[in-house]
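Input: structures, listed below.
Below are two complexes that have subunit A in common, paired first with subunit B and then with subunit C.
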Partner chain A sequence: MIVSTEMLITKAGPSRWYQLDRSRWYDAGLGIGSVIALFVLWAVAAVITNHHHAGLVPTPVQVAKTLANLTTHKFAGHTLPMHVLSSLSRWGLGFVFAIVLGVPLGILFGAIRLVREAVSPIFEFLRYIPPFAWIPPAVLWFGSGQTSQALIVFIAAFPAIVISTQVGASNVDPALLRASRTLGAGALRRLGEVITPISLPGVFAGVRVAASNGWMALIAAELIGGRVGVGFLIAQGEDNGAIDIVMVGMLAIAVTAAILDLVVIALSKRLTRWRKSAA
Partner chain B sequence: MPLESDIKDAGKTGEPGPARPPKLSLRGVSKRFETRRGTVRAVDETDLDVEEGEFLTIVGPSGCGKSTMLMIASGLETPSAGTIVVDGKPAGRPGPDRSVVFQQFALFPHMNVARNIEYGLKVAGVKKSERHAAVEQQVAIMGLEGFQKAYPSELSGGMQQRVAIARALVLQPSLLFMDEPFGALDAQTRTQMQDEMARLRTRMTSTVLFVTHSVEEAVYLGTRIIVMSARPGRIIANLPIGEDAPWKGMAIEAAMGQPQFNAVREKVWNLLHNKSE
Partner chain C sequence: MPTLADATTTAHKNGHGDTAIGARRRNRRGLGNFEQWRRFAIGLASFVVAIALWYLATDGLHLVEPLKLPSPVSVAQRLQRMAVHPYVRHTLWGHASASIQVVLLGWLAGGLVGAPAGVMMAWSRRFRAVTYPVFHILRPISPIAWIPLAVTWMGIGVQARVFIVFIAAVVPWVVNSMEAVRSVDPMLVRASRNLGTSSLGTLWRVVLPASLPTLMAGARVALGNAWTSVIAAELLAATSGLGFVALTAANALDSKTTFGAMVVIGAIGFLLSALMRAVAKLLAPWAKGL
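Our next item is the complex of A and B:
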């Protein structure tokens, strides 16, 4: 594309590559430094507590060895990667349903006052029931398998998506709706081609929160009544008094959540590239 | 050069043919807003006929209801009373035959320049190849070459308004409503756009209603000027200028050095400020 720079408004932020690079390295260095500090603190804590009460806090090295072992050897019926994948599949099922139902509902809430007035009291009432409170009825209705755990993920993820999408949709500049009317667009086109894409930054803000809400609720559900999954692995570790296995499970939960978050952020940046300052 | 009296009559010099309904007619149009402090009368009992091919500029003090009147004419707002008639028939919903250019551009932020301009054609179901040809033509007319893939947020105000004008003109609307289109631009860009608008006018077939609070802009661009009073907005003067005013074809800076231009400008200014001539 041929663009004469003087006709483009200068974008905010660093303008030279080395400035961008320097601040990136600086930020990365800070982050890596604090993670290293955490591991050092952990190691010190492990050494001190082991001095008084052996086996209460495993050292980072012990946990690393257990991690390597669990990657290839089965515990609680599966290897660690299989437990993670199994959790992810149920998370994915509930999460996809939350998006497929939550985004359209949020758009309708934001765009059509009548829908909001009619449905939001029910929604507001239900969303104050914590996802964990749904575990007993879900297990009673669907058993303690795949379905009930995916349902818990859905319940944990759904409200964040609906609320964030609604905020995004209701913030669409009314002038754009008027413009689309004068260009001949009907209500459906306005919803699909104007309101929905412009709401995407709001949708993604909700999706990000929903992804981690759903993941955490799933682990809780697995801890209580699972047969497989990272939560189940932790519960089994606890039953065996193997604190190193519990900690490996906790690390796997955190790392998986961080990766999911990065995926959502990358997707969000890709789909909302038109924004002035893509966050 | 024509005298001032010629200028006045110039708008009425159409050959008398079979009675044709005006392109656009406002009949007894009023608009009231209910606020906590009572009823606000934005537009009061207004009648207005606009003939095909006119470039009608509407000038008035801020808040006089001139934009409201334009929005009613475009179908985006419904009048509290009165009717809008287009080509002798009651006007319905807003649509591509009554395009609007807004002061705040109102470009779709998620579409690049080409897709913004194309949108109305896409809605109308125009074939892709025809769409692209029409967009490219409009891009060339509005001086937007090289910017087709840029997003609105990457463009200056003047460029954004060019895109908005292109988006309206590509539909070849028989009526074009412009609501203070250059009001949000800096002085230099504004002058440039006024010159371009005058140039565009010569190759455009649309009937234009152009709202502004700049007297110079109204006199420079209009073939007829409507002067409105402060709220409640009423039409207080109707000044035909015609196509052949001596400053037509000049740049606005040059036009402002014309005695005839300044005579009309002074007249409008006095009308706006309630002074007798």
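Our next item is the complex of A and C:
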């Protein structure tokens, strides 16, 4: 059995949080210290570079001020929350399409061997083309508007969902399927009550990757073209030489990605509550 | 933020082990060869069918206009032409090698920083306490979001692209190196320490060989991420490279060149991945399911 060092530490240590040994507090202190050091270094770098190129590296305080400013004042046509919401709407569109098409395809791959063997080599080859490489043809097909951006999200999210669904579906023990069939469950009930619950945890692993891939690809698409969205906000900030706005945009992108991830995890925990331990 | 790195580590740990053993058993019975040939034949046939369908939809029955989807023949002809005649200053080879150079530089830099950092994060608790929070704060910022900053700081030269690739590659390097060391059986470590090997000696002679397969898997994921991100960086900050070619051609409504560039991007992505698998087999032949 493989025991991680973490487990050894917890096993050896006391059981209640307030009894944590002193070295844990020490570790936490080191962590906080290094994060503070990061911000101090940033501020120092900002002050030094401002002597020669004003605005090339804004201070943390400036970025915080710009953040507060952008939540109420419009830049590049909208306020920061509106840019984020606009990006999220296109992300949602592409993502929902990826799930609606990807999950059935994954189940098909998992269930029928010939389909898997015939389609997966092509699928695998297409996967070697990064989602960003689809931005040029998307521009050819739909121009650089909302449709092509949602398409990019779809292309980035789709493979992870198909593959994880396939893996999840192939986890289903055929004996269980035969048993439920013998006990009189129809095809729909088998799908709903046997295949779905068993493959769900695997599917969610893919959904998590897909959500973050889709968000990343959307930002790239928005950087290249469009009129609204966080990526567009960053691109406009760059064009105006406003690095503080670029940094606020980066922050918004990272925070949104983290929130999306938390939502997917929460959803996955809720839908697979019957599992004894989360993967 | 989950990255492909996370998914691959878990797949490597949970999924592949069983299938590798299964394949080995089948091989012993002599069925493996037939199975492989059957799969290869089906895969090849489906590729032929896919290209035939592509041909039928374009040159064959003219269902799609060439601007939206050029025929495979015209794309192949364009690639042939670009192999000899320059397109925006470079031939196809020039653009491809520009992309590959940036990828390799960024990936190597990511490995030089990320692999030792990941190993140390897993090995030394103090080091982890200092670096992990900072890593965690910077990690959710996707490499793509760094592009405008990199362009402002470094211009649209090679530096900015190498920086972006570095950011994309360093995360899987760190995460998988850390995972690799942590998955080593602690019994081995304690045995080695008890037998009198120093901490660093144990790291070098016990932990590193044992974690090499996962390290190699991490290197492969990092290379995949690097290839993905270089294309994104080339769309925004380049005057050469395959991503640059694809977007420049799309803006000029030159669909043949765009699709030609995409085919080459896919082929190089495939070759890089195959190359990493071969290297992993060479360096860590005892690893299963790579």
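Note that in this section the second predicted complex is superposed on the first by the 219 of 279 C-alpha atoms of A that agree within 3 Å, B and C clash if a C-alpha of one lies under 4 Å from a C-alpha of the other, contacts with A are read in each partner's own complex, and residues count from 1 in each chain.
One rule holds in what follows: contacts are C-beta pairs under 8 Å (C-beta built on N, C-alpha and C of every residue); 3 or more make two chains touch, one makes a residue touch a chain.
Remember, predicted model here, so these are calculated numbers, not experimental data.
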- prompt: For A:A185, is the partner it touches subunit B (first), subunit C (second), both, or none of the two (neither)?
  reply: first
Query: Taking the superposition as given, does A:V35 touch the first partner, subunit B, the second, subunit C, both, or neither?
result: second
Contact breadth on subunit A, by residue count: subunit C or subunit B: C
Task: Have a look at where A:I198 lands relative to subunit B and subunit C in the superposition and call it first, second, both or neither.
output: first
- request: May I ask you to decide whether A:L176 touches subunit B, subunit C, both, or neither, giving the answer as first, second, both or neither?
  value: first
Message: Looking at A:W274 after the superposition, I want to know if it touches subunit B, subunit C, both of them or none. Which is it: first, second, both, neither?
response: first
Message: If we overlay the two complexes on their shared chain A, which of subunit B and subunit C does A:Y128 touch? Say first, second, both or neither.
response: second
Field: Intersection of subunit A interface sets (partners subunit B, subunit C)
entry: 2-4, 8
- line: Counting only contacts in the complex, subunit A reaches subunit C at residues 2-6, 8, 26-28, 30-35, 38, 56, 114, 117-122, 125-126, 128-137, 139-141, 160, 164, 167, 205-206, 208-209, 212-213, 215-216, 219-220, 223-224, 234-235, 237-238, 241, 243, 246-247, 249-251, 253-255, 257-258, 261, 279
Message: For a test of understanding, state which residues of subunit B touch subunit A in their complex under the given definition.
response: 74-76, 93-96, 98-100, 102, 104, 106-112, 119-120, 123-124, 145-156, 159, 167-168, 171
Query: Mind pulling up the subunit A residues that touch subunit B in the complex?
result: 1-4, 7-9, 11, 173, 175-176, 178-185, 189, 193-194, 197-198, 200, 272-276
Message: Could you list, by residue number, the parts of subunit C that touch subunit A in their complex?
response: 1-4, 6-7, 10-11, 15, 38-39, 42-47, 50, 67-68, 122, 125-126, 128-134, 137, 140-149, 151-153, 182-183, 185-186, 227-229, 231-232, 235-236, 242-243, 246-247, 249-251, 253, 255, 258-259, 261-262, 265-267, 269-270, 273
